[in-house]
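Working notes, structure below.
Letters are used for the chains, namely A, B and C, taken in the order the chains are written, and counting of residues starts over at 1 for each.
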Amino acid sequence: MAQKYEKAIAIEKDNIVVDGIDVSGHWNRMFEQRVITEYTPELIEKIADIPNAESFANCYQCAKCVAVCPVDVVGNYGPRKLYRYAQTGMDLTEAPELWLCTTCANCLRVCPKEVNMVKIMPAAREQAILDGKFVPNELQQAFENTAKSGNPLGQPQRKRDAWIQSAGVPVPIIKDLGRKVNVLWYVGSYPSYHPRGIDAAAAAARIFNALGIDFAILGKEEKDDADSQRLAGEKGLFEMMTEQNIETFNKYEWDEMVVTGPHELNAFKNVYPKYGFERPVVHYSTFLARYLDQLKPLLQHSVEKKITYHDPCYLGRHNGEYEAPRKLLEAIPGVELVEMQRNRENGYCCGGGGGGMWMDSFTAKHTTMRLSEKRAMEAASTGANVLAVACPFEVSRFTDAVKSTGNEHVDVLDILELLDKSMRGE
Amino acid sequence: MNIVVAIKHIPSIADDLPVSGNTVDFDSVDFVLNEFDEQSIEQAVLVKEAVGGTVTVVGVDMIGELDAVLHLALAKGADKAVKITGDDPAADSHTQAKWLSEAIKGMSADIIFAGVQASNDLDGQIGPMLAAYLDMPYIGGVSSVEVAGDSATVNKEFAGGVGAKYEVSLPMVVGVQASVKPPRYAPVSKVRQVAQTATIEKVAPSGEVSSGLTMKKMAPPVVTGHAEMIEGSSKEVAAKIVELLKSKGLA
Amino acid sequence: MSNDILVITEHMDGKFSDVSFEMVGKAKELANAWGGQSIAVVVGGGVSSNVFASDSTIHVDDAALSNFNPEAYGKVIEALVKEKSPKVVMFGWTATGMDLAAWLSAKLGVPCAAYVKNIGADMTMSCQAYGGKMSADVSPEGDMAIAACLAGSFPVEAGQGSTAATTMASPVDLGSLKVKFVEAIKPAGGDVDITSQVKLVSIGRGIGGKENVELAEELAGKIGATVSCSRPVVDAGWLPRTRQVGKSGLKVKPKLYLMLGISGAPEHLEGMKSAELIIAVNTDKKAPIFNVAHYGATADLFEVAEAMLELL
């Protein structure tokens, strides 16, 4: 590691003088001369000088973070190492390391010095973007798609509500409804466009209908939350989308917003208040857990599966919701719920956060395997035949990962799909 | 290499153009960057990336809103922005070209890019006029530019994919039809940063010419024929079109 | 000063373009009314120049003029204009004329009107402006004016004739040119030839993005048509240049030209106005295309296209 950057020069000092006293070692002393490594603080300061990245300088190299960093498991990474690389000559704003962090926040959980990569990384990435430094192509494409089409997939805005057809139940559009609703359901980009995401959206629509929820969606007016684009460094894009979204949200009357995805939850609940939007927002798992008593009688069909549940970073660590998803799974008759070794607060990241969703090819060049593959293997090792998820990024990521790791026997299903299966018996 | 892009801020034709007297009512229209200038800025930045140098974007500030346009150009890779404080929304192409040529004279330009045309070029385009005022060769309708040493190789399009390749000794003025690659994405963060930090050099207009045209009348065109309009909802329109196609054996 | 009109004709591969004849016809009518002469100017070789109805034809031939070269052509035309002092110099508002008209105007300090659709006996020039959304009447000051004329503005026939041309060498030295013609570029093959298609579904800027092109393709597929487009679609990289209809693209004459989101700028109209059945869908009720189309609808192209797909 120390050889990676050229300024890692170890030098043997012959004479060390401290406060005028020569404290150099001598051949007959009990200990040898110590090696003092010369390093440059400039590159650490360069990062710590960026607003919101100040805590980078707090690191005292205890390495607790490395032990929990999901990227280190498939590579050579972790906040402590980034600090060390910077000491020895790495300019983080120009290094591939800048783009590997998924902002999963497991390091922050264990860090005694509150080195906050969830703030450092977006700030340093934004700096790189502003300075015209290297930005992975696929990520730039996602930015451009979001700016132009309103979603990172580059799908047409006019097709945002096309998924409704596959729901088979009424999905009212709030504009057409023309009245106040209890629940404004923000569907999200992947549930609206991605074939596997649409499966979850359709399942949610059927569950909401069965429960008699008074809900509506924004339809063609809905646009991406852009939270992951923010974490990937395009704060300007995030702010632009935020302004538009808040205007749309405030156009209609509703009591509570339910989101399909944890990233949207994070954006609307934790970040939007800074932009003047403070209204109740919950993840669907939290919302549905409130309806457990009404839901249970609807879950008539047994789902004879051994299920393990993957905690999404932005639902769990970032927003503290660990139990609602598990309660929902346990409510399904026939389900045996087993835990992976890394669960809840120590859940392992799928690799999709912080823009990782759009940097798979880039990340592959700098890691030994995808984070999603590592996690899929862990899921398979529990003996489970279903990997249950609660984040729209994860369905496609893990579906690919179980295949590429030879674990096709593990089905990847959103909790919504499992509930729907139990409801409908399919 | 000193690369200069001369741009035009023009009334948007996306919406209705209200007329006031003999001109467009400039107070009630939005001004936008001439769409060919977007191509020309991209082509200029591509040349810079290929051979090095600086890109200076210069335009006449017609209504005091040119800054946003210049900021976007800077975010896309231009290095310097200059606005000529014209503040005359009716300044014609001759006037703009003269002002631009006076501003560009001191820039030791090696190559000047301009959009091949603009929708308000009633008295001709600024590109060829710049060439005349600066005594440089001009080629318009250009869809690719390569610079090597003190000459440029440009492809000019005639029509339908037919074109010609020219070698031109620099300096020259290029009228850009389309850049080799579509205009790039400028990160919104970058645009916002530029808006806060960039300095835009202001230049007073210098030089006086006139198009020599007197406007006698400006009005929406007299309609000689008009389509038979199909009324109704989108579904009804679709049904009518399908019926029409079927009746004529076209579907 | 004279009452003559100089018409700068244009030719390629041994053939004059229609706009050359159109301008000669108009020039003859005007110049004769003014008691002057219509003079057709042919620059460059490889073409038989005895084809105009002009009062006279000047054919300037020189090895340096065998291919279009804006610098060389500009010098020759500048010299001729100075010598003849005509009342009007007519150019086509075309790929070649657009390189010369405004340049000559600035060079000589002579007024220039572009997008000219008509010239009156009192020299009033009627022009298209703002992408065809406006029509402007302008009158040039002074004794001489340049008119850059839109193709299709005057009848072709009036300019056709057999006036014998006077051939002359270049009036200026063409020895040290900064612009050098290298080679001709032929259209890239491989794609469908939209000029031979019976039905075209043509999309414009209104299509919004590359991701929406497939909707047009789907619709075209349903009715056995091919997708073509206007220039902005090509410039944005959404379709290849081989699909472009218009002045800088191809001229088409299909049985059906179904236009989605094309407003109908003059440059586009030049390429498609002789289609047999033109149907235009556009959200802007004042789009110029509705003055040319046979049927029109002010509607959202996506909604219409999707509804059509269901019905087909």
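Things worth noting here:
One rule holds for everything that comes next: a contact is a pair of C-beta atoms (placed from the backbone, for glycine too) under 8 Å apart; a residue touches a chain by one contact, two chains touch by 3 or more.
Note that the structure is predicted; figures quoted are calculated from it, not measured.
Taking each chain's centre as the mean of its C-alpha atoms, the one that lies farthest from the centre of chain A is C. Among the chains in view, B has its Cα centre nearest the centre of the complete protein Cα set.
When C-beta pairs in contact are tallied for each pair of chains, B-C comes out on top. With each centre defined as the average position of its C-alpha atoms, the distance from chain B to chain C rounds to 19 Å. Here the CA centre of chain A is 42 Å from the CA centre of chain B. Chain centres here are Cα averages; for chain A and chain C they lie 55 Å apart.
Contact residues on chain C toward chain A in their complex (touch as defined above): 208-212, 215, 302. Those residues of chain A that touch chain C in the shared complex are 148-149, 154-156, 158. The touching residues of chain C, when paired with chain B in their complex, are 12, 67-71, 95-96, 98-107, 109-115, 124, 127-142, 145, 148, 178-188, 195, 199, 222-223, 232, 234-237, 241-242, 247-251, 255-256, 258, 263, 265, 277-281, 284, 286, 288-300, 303-308, 310-312.
By the touch criterion stated above, chain B contacts chain A in their complex at residues 77, 185, 187-193.
The touching residues of chain B, counted against chain C in their complex, run 11, 13-17, 19, 24, 35, 39, 93-94, 97, 116-117, 119-129, 131-133, 137-141, 153, 155-169, 172, 175, 177-178, 181-182, 209, 211-231, 233-235, 237-242, 244-245, 248, 250-251.
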